[in-house]
Amino acid sequence: MSILTRRGLLKSGAVMGAGMAAPTFFVNQAHAYTNAPTGGSVTLGFNVPQSGPYADEGADELRAYELAVEHLNGGGDGGMMNTFTSKALKGNGILGKKVEYVTGDTQTKADAARASARSMIEKDRAVMITGGSSSGVAVAVQALCQEAGVIFMAGLTHSNDTTGKDKKANGFRHFFNSYMSGAALAPILGANYGKDRKAYHLTADYNWGYTTEEAVRTSTEAMGWETVAAVKTPLTQTDFSSYITPVLQSDADVLVLNHYGGNMVNSLTNAVQFGLRDKLVNGKNFEIIVPLYSRLMAKGAGANVKGIFGSTNWHWSLSDEGSKAFVKSFGEKYGFPPSQAAHTTYVQAILYADACERAGTFNPCGVAEALEGFEFDGMGNGPTLYRAEDHQCFKDVLVVKGKENPTSEFDLLEIVEVTPAAQVTYDASIFGGELGACNPGA
Amino acid sequence: MFGLNKKDTRLMWIVITMVVFAPFILNPFPETSGMAQFNAGYPDLMQRFVIFGIFAIGFNILFGLTGYLSFGHAAFLGIGSYAAIWMMKLLTMNVIPAIIVSIVVAGLISLVIGWISLRRSGIYFSILTLCFAMMAYALAYSVLTPITGGETGLQPKLNDPRIFDAPLAAGASPKANLFGLQMGATYELKLGGWLFVINAGYYIAGLLMLAAFYLSIRIFRSPFGMMLRAVKSNQQRVNYTGLNSKPYTLAAFVISGMYAGLAGGLLVAMDTQAGAERMFWTASGEVVLMTILGGVGTLIGPVLGAGFIKYMENIVSKINSKVLHEWFAFLPDGMEDFLVAVFYPFVGKGWHLTLGLLFMMIVIFLPGGLMEGGQKIADKFRNKKKNDKDDSAQAAATPAE
Amino acid sequence: MGILEVQNVNKSFGGLKALQNVNLDIEEGTIHAIIGPNGAGKSTLLNCFVGKLVPDTGTVMFDGKSLLGIKPHEINQAGVSRVFQTPEIFSDLTVAENVLIPCFAKRDGAFTLNALARVTGETDVREKAEQMLIDVNMQDKKDMLASSLSRGDKRRLEMAMCLSQDPKLLLLDEPTAGMARADTNNTIELLAQIQERRHITMAVIEHDMHVVFSLAQKISVLAQGTVIAEDLPEKIKGHPKVQEAYLGGAH
Amino acid sequence: MELSEFIAQIVNGLDKGSAYALIALGLSLIFGTLGVVNFAHGALFMIGAFCAVTLNRILTWSHVVIDETKTDFLGNPLKVNVPYVNDWFGVETGAAIIDWSVPLAIVFSIPVMILVGIIMERGLIKHFYKRPHADQILVTFGLAIVLQEIIKFFYGANPIPIGAPAAFAGSFDFGTMFGFDPNTIIYPYWRIIYFFFAALIIGAVFAFLQFTTFGMVVRAGMADRETVGLLGINIDKRFTLMFGIAAAVAGLAGVMYAPINAPNYHMGMDFLVLSFVVVVVGGMGSLPGAVAAGFLLGILESFASMDTVLQVIPGINQVVIYLVAIIVILTMPRGLMGRKGVMEE
C-alpha cells in the first residue's frame, strides 16, 4: 500500500498545481506545521562550523549541544536545568519525546550553512535549527528557517543585524550584540583610562565590523573620547603591520581592534609586537581594546592579551549557581571548561525545550509565543528577558580583561565588571527591520 | 532524434531518465534503516546536483573544448545570484525574470572580463580570471555592502518593493514561485519503508539542466565546437587556417559565463539567498575540480563530478560519532569503539580529509576522471559479454566521447 | 605581373640584418623555389609573407593588396596557405575534422557562431572535405586521430588542409625535411599533381636540390639576407654567385 | 603624507614582501625545474610553521605536579604541567631552552622539510611530470587538503601562539637613527630578523644555483631538460633534491613566520592564491622575477592600506594585489621577467 502525504506550500488554483494535485485516494495527512514529530522522538539540528577557522568553536558548541541533549533526556547531572527558574522540563525529553539530533557543517559560509540546514529540515525532519559562529551564517540560516517554518536558535552571533535589520519572527538570539558591547565597555574604559582619550579604530571590513565600530565609537564619543581614525581591514588580511605602523605615527593613545577570530589574534599579536603597549602618548599609557573577546581565540594570541579590556557574553569563572552547575557538568564530561559559545548554545537548546514544554507543542508559533517576553534566571547571566519585539535576550554583559598571571591554559580572562542588563538595553526600533509573523510552515 | 546522432540520443535519454527518476534513484535505502544516512534524495541536495551540474557543464564548454582554464568562474555564479535576488526584491518573486536577468547580466560581465583576460593564454589567463573573481569577492564582501548585503548577503524582505506582485497577505512571507507554483512545493510518496520526495523546484531546475545539457551536446557537435577543439589543439594552425581564434574563445567564455549565471540564478530561485562567499576562489576551484574529477571534455563527466563533490560535502559531513556508534552498535564494545575511532577522522568534521584523499586517488588511478572509471568498468563488462553478444553493448558503454 | 611581389624588404633583429633589400616576384601558376644556405633568411622571408613578422621597410603585395600589418588569419582569408617544416595539424582531432575545419573557414570566414548547426548536417562542406581526402588518398584514415598518423601522412594531411581552402598561393617550408627518399618522391609527385590539376601558385623553401630541380619552374637564391640570383632552374645550376654562396668564397 | 609614514610603509612592504618572496621562490623553483604546478606549496609553508610548534611541544613535554594551594576550574587542586627539561637542566636553563624553541626549530625543520619534499616528489609528484597541468593541480590540491586536515586533526583549528625568544621580543626604534622623532618608525626585532633571514635564504639559493656544478646542471635542466638528460646526467635525481630544497625554503619561511602570526592549519591556503599571483606577476620560470614581484606586491599592499589612500579610493586595500597583477600581466605579456613559452599554452 502506498500513501502519498502532502507537505509543502502548494497553492491551489495554480495551473501546474492543479495538475499535480493529489488524487483523492491518497491520504492527505496535512500537518499544522513543518516536521511535526510523529514518533516517540523529536529531532533537533545542530548546525555548527566543523571545518574552516572556527572549527574549534564549532566543536565546543557541539559538545554543549550533546550535553544539553543528555540533560534533556534525563541523563547526566542535569546541569543548568536544576538552576533554571522555569521548571517545565522534566528530564524526559521534550513533551515526552526523546530528543534526537543531527549535526552539520556550516563551514562558516552562508551557502554551506543553508545547505546543511535544509538537509536537516528536508531529510532529517529537524523541527529546530541552532548553532553557528558568525553573523553572516546566522542571518542566512535565520531567513531560511523563517521560510521553511522552523525555529532558529542562533549560536554565537554578535552583529546588531541578527536581531536588528535582519530579524525574523522564527529566529531567537541569546548572545549579546555589538551595541551591548559598546554600552558595557564605555563606562569601564572611562573609569580606567580617563575621559580624554584619542581612539584609533581598526575595523574588519564587513557588517559585524561596521556595527561593532559604530557601537564602540558612539558610546566612547558620548563620554568625551575623540576618534582619530577608523581604518577598515580586509577579512582575508593575515599580517596587520601596515595598519599598525600608522597608529604609531598618529597621536592616538587607544587602539580599538574591531576584529574577531583569526583577524583578532593576528592584529592583537602584531600590535603588541610593534610595542604599542609600551608607548606613552600625550602623557598617557597607550592602550588596546578588543570589543568582543572569545576565550578560545584569546588563547591564540597567547600572552598578548594580558591587561587588555573587552567584553564577553559569559565566562566560566562566574560564580553564580547556574554557571557553576554548567561548568561542573561540562568540565566533568570533557575535562576542560566550556567557552562562551558552548554556554550560549547550551542555554539556547534548554530554552527551546522549555518553551516547547510550556507551549505544549513544537509548533513554531506556539514556541515563539512562549519565548517572547519570557523572563528567566539561573542560566548564568542573571535575570534575563527574551524581548518580544526583536527576539533578543537582555541580560548582564561581562567586561573582562586579559589576566596577568594565568594559572592554567583556560585561565586567560578575568571579569572586571558585570554590567547590569538595564545599562545595555536599547529601544527595539533603532536598528530598523521587520520581525514579520511567525511561520509554522506547512 | 532532437538533431542528435544515435549515440548522443541514447546519452540524452540516459540523462533524462536520471533526472526524472532522481528522487527514487537517490533514495535507495528505507527511511528507517541505518543506511538512510546515505540517501541523497531530498530537495536541497537534488537541486544542488543539477544546479552545479549546469555550472560544470558550462565550465566544460570553455575548459574542455578550448583548454582555457578559468580560475574565476565563480564570479559569474555570484553575479548571476545577485542579479536574480535583486529581480526578486524589485520586480517579482516569480523566478522567470530572475533567471533570465541572471543569465543576461552574467553574460555581459563575462564578455568584459573575457575580452580582457583572453589577451593572455595559459597560466596568465588563469591568474587574470582569478584576480577578477577575487576582486569581485573582496568588494562584494566589504565596500559594496549596500548592494550586496556584504557578510550577511541578501534575502527577500517583507518590505521589498516587488512591483509586479500583489501585496503579501498578513503573516505571509515572500516565496519564490513559477506563476504560483512554489519552488518548495513537495509531495511525499511513501512506499513501504521508503520515502520519496517529489519537489517542484527540483524538476524546474532539472528541466533547465536538461536544456543546458542538450545545448552542450549540440555545441560539442557543431562546427563551432569543432573550432574550439581546434583552438585547444593548435592555435597556430587555427590562425593559418584563416580563423580568428579570439572571437571563438570569447564566445565560449561568454557561453560558459551564461551557464554560470543560470546556475547562480537557479541557486537563488531554489533558495532565496545570495552571498559573497560563492565568488571566493575556492568556489572557482570547486568547479575546476568537478570538471577534472568527472572527466574534462566529456559530455556527462562534469555533471558526475559536480554530484560527487556535493554529495561528499552534504552527506559525509553529517556523519557524526553518534551515527558511527549506531552503525557499529551490533559489534562487541571494544570492536565498536575501535571501528568508530578508525572511521571518525574521515567523516563529519573530517570530511575534507576524505575529499582530499579521494581527489588524489581518482587523479592517480583514473587520469581521465570518473568517466574513465566508468569506461573501464564498462569495458570489463563488455569483454565478458562480447562472446555471446556483440556491439549492442558497445555503444552504451561509451556514452560520452 | 606576379601574384606575390616583394620589394626592397629589410628586416633586422637588433644589429643582425636578416633581410636586405629583398626583391622577389612570384608569377601566378608557377612553382617558385627559394633556396639558400642555412641562415640566409629564407624562413624570415616566409614569415613576412604570412604576417608572423613585419618587415622594417619595403612592401609585400599579394594579388594587388599589401600584406603588411595584416593578421595571419586575414592573410589566409586572402588566399595564402602555409605548410610548415614540422606539420602543424590538429593532433587531438580526427583526420576528417582536420580537413573539415579549413573547409568551414573557407566557406564561413574568420568567425561564425554556428553553435547550433551540426557538422554532420553541413552537406556541402562535408562532401568537399571527403573529396579532398580522396584526392590525397587518405579516405581510409578519416576516423583516425591525427596524432597517430605517420610523419608522411601528417604532411599529406597538412597539405590537404591547405589545399581544401583553394589557396591562390601555397607556401611550403621545407616540405620534405627529414623524410625518407621514398616519401620525398611521393611528396614531389603529389605537389606536381596538384600543380597540374589545380594550377596553384607555390613558393617552396627547400634544401634538397633533388626536390628543387624536380619541381621548380623558377628559383631564387638567398644568401646573407639578399637575393643573389633569380632565374630558371637550368641557369641557376651553373650560376657562379650561387656556387660561391654555397661553397664559400674560397675559390 | 609625511615622509616618516612613507618610509614606514616601505619597511612594512619589504617585511611582507620577504614572506611572499620566499614562498614564491620555492614555488617558482618547482615550476621551473620540474614543470609542476604545486598547489601543495602553501601546505609546506604551513608544515614549516608547525615544525616550530611541534618542537615547542616536544621541549615542553611535561609531567603533572599537583599544586594544593591553587584550584582548577572545577575547584579541584590545580594540576601544573612541569616540562621535563626543567627537571633535567634546572628551571632557568629549561625555560631558556623552551624560549629558544623557534631558532632551534630552524635546525630541526631543515632535515624534516627536505625529507617531506623528497617523499612528496618520489611518492607522488614524479608520476605527474608528463600529466596535464590540470591533473597536477588536482592531485597537489588534494594533497594540500590532506596535509592540512592531518595538522588540524592533531593541533585543532585555532591558532597556536609561539613566541620569539624574549631577547628578540621588543622593537627597535630605527627612525631615530635617521633623525626622525622617537617612536615614529619602530620595528619589531623579529620582523627585522625575518627580513634579513629571507634575504640570506634567497641569496643562498641564487648562489647555489649560480656557483655550484649542481646548480649549473639544474639551471641547464630548467632551460632544456631533454638535452641535459642526453648528456648522461641523471637530472631526475637532482630535481628530486631540488624539490627537497624548495620544500625546505617554504618550511623555513614558515618556521620563521610562526612568531609573527600564530600558526593555524589553514595558513597555507591563505597564502596559496597570493603566492601564485606573485609567481605569475614575476613571470613564469623566472626566480628573480618571483622575488621582485614578492617585494613589489608587498610594498604596494602596504601603501594601499594607508588611511589617506583609503579615503580617496575606498576598498583599494581589498583589491590592490589583484589590480596590480592584472595591470602587470596585461602590459607585460610574461609578467616582470617571465620566459617565453613557459606555461603559456
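The first chain written gets the first letter, and so on, giving A, B, C and D; residue counts start at 1 in each chain.
Note that in this section contacts are C-beta pairs under 8 Å (C-beta built on N, C-alpha and C of every residue); 3 or more make two chains touch, one makes a residue touch a chain.
Keep in mind the model is a prediction, meaning the values are calculated, not measured.
Which two chains touch most often is answered by the contact tally, and the pair is A-B.
Per-chain Cα centroids separate chain A from chain D by 35 Å.
Inter-chain centre distance (chain A to chain C, centres taken as mean C-alpha positions): 74 Å. Chain centres here are Cα means. That of chain C falls 53 Å from that of chain D. Contact of a single residue of chain B with at least two other chains is seen at positions 138, 141-143, 352.
Not a single residue in chain C touches at least two other chains.
Along chain A, residues 55, 59, 205, 232, 234, 236 each make contact with two or more other chains. Chains that are in contact with each other form these pairs: A-B, A-D, B-C, B-D. Interface residues of chain D, counted against chain B in their complex, comprise 37, 124, 127, 131, 133-135, 137-139, 141-146, 149-150, 153, 273, 276-277, 280-281, 284, 314-315, 318-319, 322-323, 325-326, 329-330, 333-335, 343-345. Only residues 2, 4-5, 8-9, 11-13, 15-16, 19, 70, 72-74, 78, 152, 156-163, 170-171, 183-188, 190-191, 260-262, 264, 266-267, 270-271, 301-302, 305-307, 310, 315, 317-318 of chain D touch chain A when the two sit together in their complex. Note for the complex: chain B touches chain D at residues 63, 67, 69, 116, 119-124, 127-128, 130-132, 134-135, 138-139, 141-144, 235, 281, 285, 288-289, 292-293, 296, 345, 350, 352-353, 355-360, 363-364, 367. Every residue of chain A that touches chain B in the complex is listed here, in rising order: 2-11, 13-17, 20, 22, 50-51, 55, 58-59, 62, 66, 101-105, 109-112, 114-116, 118-119, 122-123, 134-136, 139-140, 143-144, 146-148, 159, 161, 166, 205-208, 210, 232, 234-236, 434, 436-439.
Those residues of chain B that touch chain C in the complex are listed here as 3, 5, 218-219, 221-227, 229-230, 232-234, 236-245, 247-248, 251, 255.
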